[in-house]
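Have a look at the structure that comes next, please.
Going in written order, the chains are labelled A, B and C, and every chain counts its residues from 1.
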Amino acid sequence: MERNNKLFAVSALFNTPNEIISAASKTAEKGYTKFDVHTPYPVHGMDTAMKLKPSNLGFVTLGFGLSGTGLALMLAYWTMNVDYPMNIGGKPLFAFPAYVPVIFEVTVLLATLATVIGMLTFFFKFPSNSHPVHDTNFMKAVSMDKFGVIIESEDPLFNEADAVSFLESLGGNSIEKIYYPVKEAYPVFDKKFIGLQISIALVVAGLTYVTLNKAVYIQPFSWMTDQFRSDVQASSTFFSDGRSMRLPVDGTVARGFMPYEYSELTTQPEKPLTNPFAPSKAFLELGKKKYETFCSPCHGNYGDGDSRLREQFPNPPSLHSEKVRTWKDGNIYHVIVNGQNVMPAYAVQLNDEERWAITSYIRVLQRAKNSTEEDVKLVRKEIISNVAQ
Amino acid sequence: MSHSDKMWVKKDLPVRVQNLGFLLLGVGLAAGITGLFIDAHRFMMNYLIAFMLLVSIGAGSLFMVALEYIAGADWSVPVRRINEFYAASVLFIIILAIPVLMNMESVFHWAQPQAVSEDKILKWKAPYLDTTFFIVRILVAGGIWSLFYSLLSRNSKTQDLTKDQNLTRKNIILSAIFVPIFAITVSVVSIDWLMSVEPHWFSTIYGVYFFSGSVLASLAIVTYTTVWLKEHGYLHPRMTNDHLFSLGALLFAFINFWAYIAFSQYLLIWYANLPEENFWFIQRWEGGWMIMSILLIVIHFLVPYSVLLSQPAKMDPKRLKFASLWILFAHVFDLYWLVMPSYHSEHSTGFFTYILEFGFPIAAIGLLILLFYFKTKKNNLIPIGDPKLDKSLNFRL
Amino acid sequence: MNIDYSKEDIIVSGRLSIAQIEDLIAKPLETKVDKKFLIALSVSVTALMIGAISLGFSLLYGTGLWGNNQPVGWAFPIVNFVFWVGIGHAGTLISAILYLLRQKWRNGIARFAEAMTIFAVMTAGIFPIIHTGRPWLAGYLFPYPNQHSLWVNFTSPLIWDVFAVSTYFTVSFVFWYVGLIPDFATMRDRTKEGIRKTIYKVFSLGWRHSHRNWQHYEKAYMLLAGFATPLVLSVHTIVSFDFAVSIMPGWHTTIFPPYFVAGAIFSGFAMVVTVLIFVRKIFDLEHLITIDHLEKMNKIILATGMMVGYAYAMEFFIAWYSGNQTESFVFVNRAFGPYAWAYWIMVSCNVIFPQFFWIRKLRRSIPVMFIIVIFVNVGMWFERFVITITSLHRDFLPSSWGYYRPTLYDFGILLGSFGLFFTLVILFTKALPVVSIAEIKAVADDAQPSHHGDH
């Protein structure tokens, strides 16, 4: 490093830790403030000798640590409760105990990074490779095994001759005058420096682009797009029947499928089909609901065959005809499953229970439409007893 | 060595310490025994809390003595005697266990033959949860601790006179043997006396949980005593706040360790949510216990953690005194939280009993003060013959 | 045998001067590579290449090349991951916890152990990523805002792992680098102008050994140690959560967190001792990494080995005590089932062999300790194997029980992980000072002012 003749500091070297401690405390007592002690390793008791204030680095750590805690908590809360709430393992959405590990890690990460970066950049003003003490014999010595004191020229009490004699009086040897380097400042807007930055940016951007968009798509990074697999409904050379899809094993029954053995019959199977369900209130309500959904559009809400489709279509028959009323339950069930004339089959829309529920509900309608005197009496009696209760 | 001998003079503690001890013991016992007449079941469980407080402080202190030897720690030599004195409470464990042993059925559900015969799980556990075997276990544990306590403290006391370095070596070997045995016995005792209060519940970390709490409690009482003795000039004048810092740092470390263990246990059970385990925490989340559980986090972790967080706080005598008393209370609170949810009662016993529940733990503290007082009368407060003493007094951060 | 307890421990033996210490540490960096170095490097690079080829095939053809299958889906990759993360725990333990406990003997070994931590975590990090079978999608492990509104699941232990391991790596690396800054400065000042000096200059950031910097530096070091200590506990705790939050018998047990941490320290120390035995010999560092230091590490190995043994015993006891049938079955199956061989390797290597360290003579004998630490390394690998495989291979449904057999690719990748780790270690010994120059100088004889008189 070339130097000019502007004095930065006067330095002296000491051989033992005891000497440096006493030198440091005497320098501080003398009233120098812009002085420094250089030691190859931290020497115990130097803080008090140099009268240094305790380091307040801890506040940086605390501040960033707490902000890490807050940020992680907010991130976990926002993603898991606000932006995309999802039930995971039956846990409450705000599963705080499960957020704790991540909160802890982020706290530690932010606190440590802030401590180190804060210390290096704000406390030490690093990088500072252009500092005047670099490349001096003094620096070489304190880097190895000597202990040094420097008194800077900017100190208000500084006087070159006084400083030298003071250091001599402390017992310091190899007293050295350190001058500023010729080139003190390295401006940010230096042409070369900006050029370097731009070229680094271009290279990084180019490499990133090539890696992410080109390199990762060459073999073997096929992203699993080339897979040995058979497509649905496609032909296959692997199986002898030439189909890629497999047939189910004989006798396979789909889930929830109830076989109906009279599908092929055109006549009414009467004997074996009986309603297995007891006509409870809930059952009849199910029947009503399904009847109104699937049957009423044609047969009308009360089975009179008077729906809005009348005259636009072959008239749907009334369900109160003598024929239907004398039918067994099984007949109605059969018609629901298979359809009749223009009526389509409802086997797909309605399951076994629902079909029987509709059957029972039709019976209710029939009885209501064709009620006898006794039925009316019965109903009245029931109403009275209900009111009495 | 001679250097440090001259500066320390043995002084007796003031009589008011003894008076305080007797006062706490008397008031505590009176309250506790009154409680026994009101609700024997409840106050036997309360007695169990006080008993476990003594166990944790005794065993914890003994462990800290052994730890100093095997870790080769220097700084702690001037306060080792305080640990040793409190460790003497392991001698009383067997005697103090007798009231519980005589009322097994009221404290331990599994000790009721009726309950066991109706319960498949308890039948399965019967070989272990068996009254005779239970008594054998506490006798063995108490016996082992007393044995090691006597050997370690006898060697330490002899060293005051002889300054024989061989005794340090002997104690290191004894401590190395003791620590693994301690790990097993303390786990067994905590499973027996605390975990089996809820006999269906199980947790493999329980021994570690109790260990962390017991070391914390013994550290707290030792820290308080050290600060008090130092302030009143009973300890070595060359002891500095740097020594206190080490105690403060250990307290802080164990606060975190306890929280770590407690959180691990909670998280794993909460997450897996298996009915055979989670009922224990559900019990502690029902009704008023929910507040107690939240308070446990605050009292046992958040408050002492914030108090001791900064470096100056760990060496500030005032803060240390506050923190250590607080932690001692927190440990009693923790024991209460561990034991009492298993107490079921049909009838409400009223506010008065809550006050009386402080009785037995206060009596236990009184007992510890008396124990310490009488120990200091006969023995030196500082191991003046310890070869590491001088080095230890030079300890600086 | 007669130790004088009143004396301070001697950290640097042989009464070396501070300059001699520095020369000794700087020597490998200032001399050309020799034959021994190249042989060692070629062996480890060969292992690394075998791993790279096995991994290459696995990525090309898919993870079906491995032995992983129903019911053992978590096999070698997870075993290796947990093993390497465990190895990585010794470094931070030595640099942080022993620092806080003011164990000065750590200064000689801290740098090396920290480097091993970093390399071990790097090695470990590979496994979960390749285990997914789609390593190119690993970016989704981090919660970054994307157009799918696709976030990570913060309640999943696997995402805790991502945070824990990446934080651990970052913090260890920063910790390590902070420790290296003064050493870079020292190396800078002993090197003549040239490319090496420029490199040292850049990395030393202009460090001046100024006490005004040392003051903050020491504070920062203390704070980092204070954070690294709970961090090191948290990492293996979270690794244990991967297993323990499930309801798998043999995995779901509350002692897992401290048990895993103890195991990690145990295996990490064993690995550090294994490597240090060679390093101190090859680089003539016997005065800095003394037999006393190795003995202390062996004591820690003994202690943590017994902690692990305690956990085995406690798990067994509670498996019975809980009255839970599946739990008891899993443990009986571990000890006497088809994988009993692995279980007994684990128990003997981890619990029985370290007991030899009770004897001072064996603790201080290099060949004996080498054999035992190798056993511990093997045992700890098998511990993870036992935990992972035995719980999975016979779970709740006896109809889907199976027996896991690793394939050659599994072994190839395992070998490769050792290759990667040792390649990095070997390169490190030539690239950076293996002992922290500033730290070891600070504990040399008469390096600190004498206390008598002040206070």
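In this text, a contact is a pair of C-beta atoms (placed from the backbone, for glycine too) under 8 Å apart; a residue touches a chain by one contact, two chains touch by 3 or more.
Just so you know, these numbers come straight off a predicted model, no measurement behind them.
Novice: If you tally the C-beta contacts for A-C and for B-C, which one comes out higher?
Specialist: Most C-beta pairs in contact, of the two: A-C.
Novice: Of the chains shown, whose Cα centre falls closest to the middle of all protein Cα atoms?
Specialist: C
Novice: Which chain is most remote from chain B in terms of Cα centres?
Specialist: Most distant chain from chain B: A.
Novice: Return the distance between the CA-based centres of chain A and chain B, expressed in whole Å.
Specialist: 43
Novice: Can you check how far apart chain A and chain C are, centre to centre, with Cα atoms defining each centre and the answer in Å?
Specialist: A distance of 30 Å separates the two centres.
Novice: Between chain B and chain C, what distance separates the C-alpha centroids? Give it in angstrom.
Specialist: Between these chains, centre-to-centre, one finds 34 Å.
Novice: List, in ascending order, every residue of chain C touching at least 2 other chains.
Specialist: Counting only residues that touch two or more other chains, chain C contributes 230, 241.
Novice: Using the touch rule from the top of the page, what residues of chain A touch 2 or more other chains?
Specialist: 44-45, 58, 89, 91, 98
Novice: Considering chain B alone, which of its residues make contact with at least two other chains?
Specialist: Residue numbers touching two or more other chains: 267, 271, 311, 396.
Novice: Enumerate the contact residues on chain A facing chain B in the complex.
Specialist: So the residues of chain A in touch with chain B come to 44-45, 58, 89-91, 97-98, 100.
Novice: Show me the residue ranges of chain B that touch chain C in the complex, using the header's touch definition.
Specialist: 1, 70-72, 75, 120-121, 124-125, 128, 165, 168-169, 176, 179-180, 183-184, 187, 191, 202-208, 238, 240, 249, 253, 256, 260-261, 264-265, 267-269, 271-272, 274, 276, 311, 386-388, 390-391, 394, 396
Novice: Contact residues on chain C for chain A in the complex?
Specialist: Residues of chain C touching chain A: 17-19, 22, 56, 59-60, 134, 136, 143, 149-157, 159-160, 163-164, 167, 170-171, 174-175, 178, 182, 185-186, 188-190, 201-202, 204-220, 223-224, 227-228, 230-231, 234, 238, 241, 437-439, 441-442, 446-450, 454.
Novice: Can you tell me which positions in chain C touch chain B when the two form their complex?
Specialist: Those residues of chain C that touch chain B are 2-9, 100-102, 222, 230, 233, 237, 241, 244-247, 252-258, 299, 303, 306-307, 310-311, 314-315, 318, 321-324, 358, 451-452, 455.
Novice: Looking at the complex, which residues from chain A come into contact with chain C?
Specialist: 16-18, 21, 24, 36-47, 50, 52, 55, 57-58, 61, 75-76, 79-80, 83-84, 86, 88-89, 91, 95, 98-99, 101-102, 104-106, 108-109, 111-113, 115-116, 119-120, 123-124, 126-131, 133-134, 139-140, 142-145, 216, 220-221, 223-224
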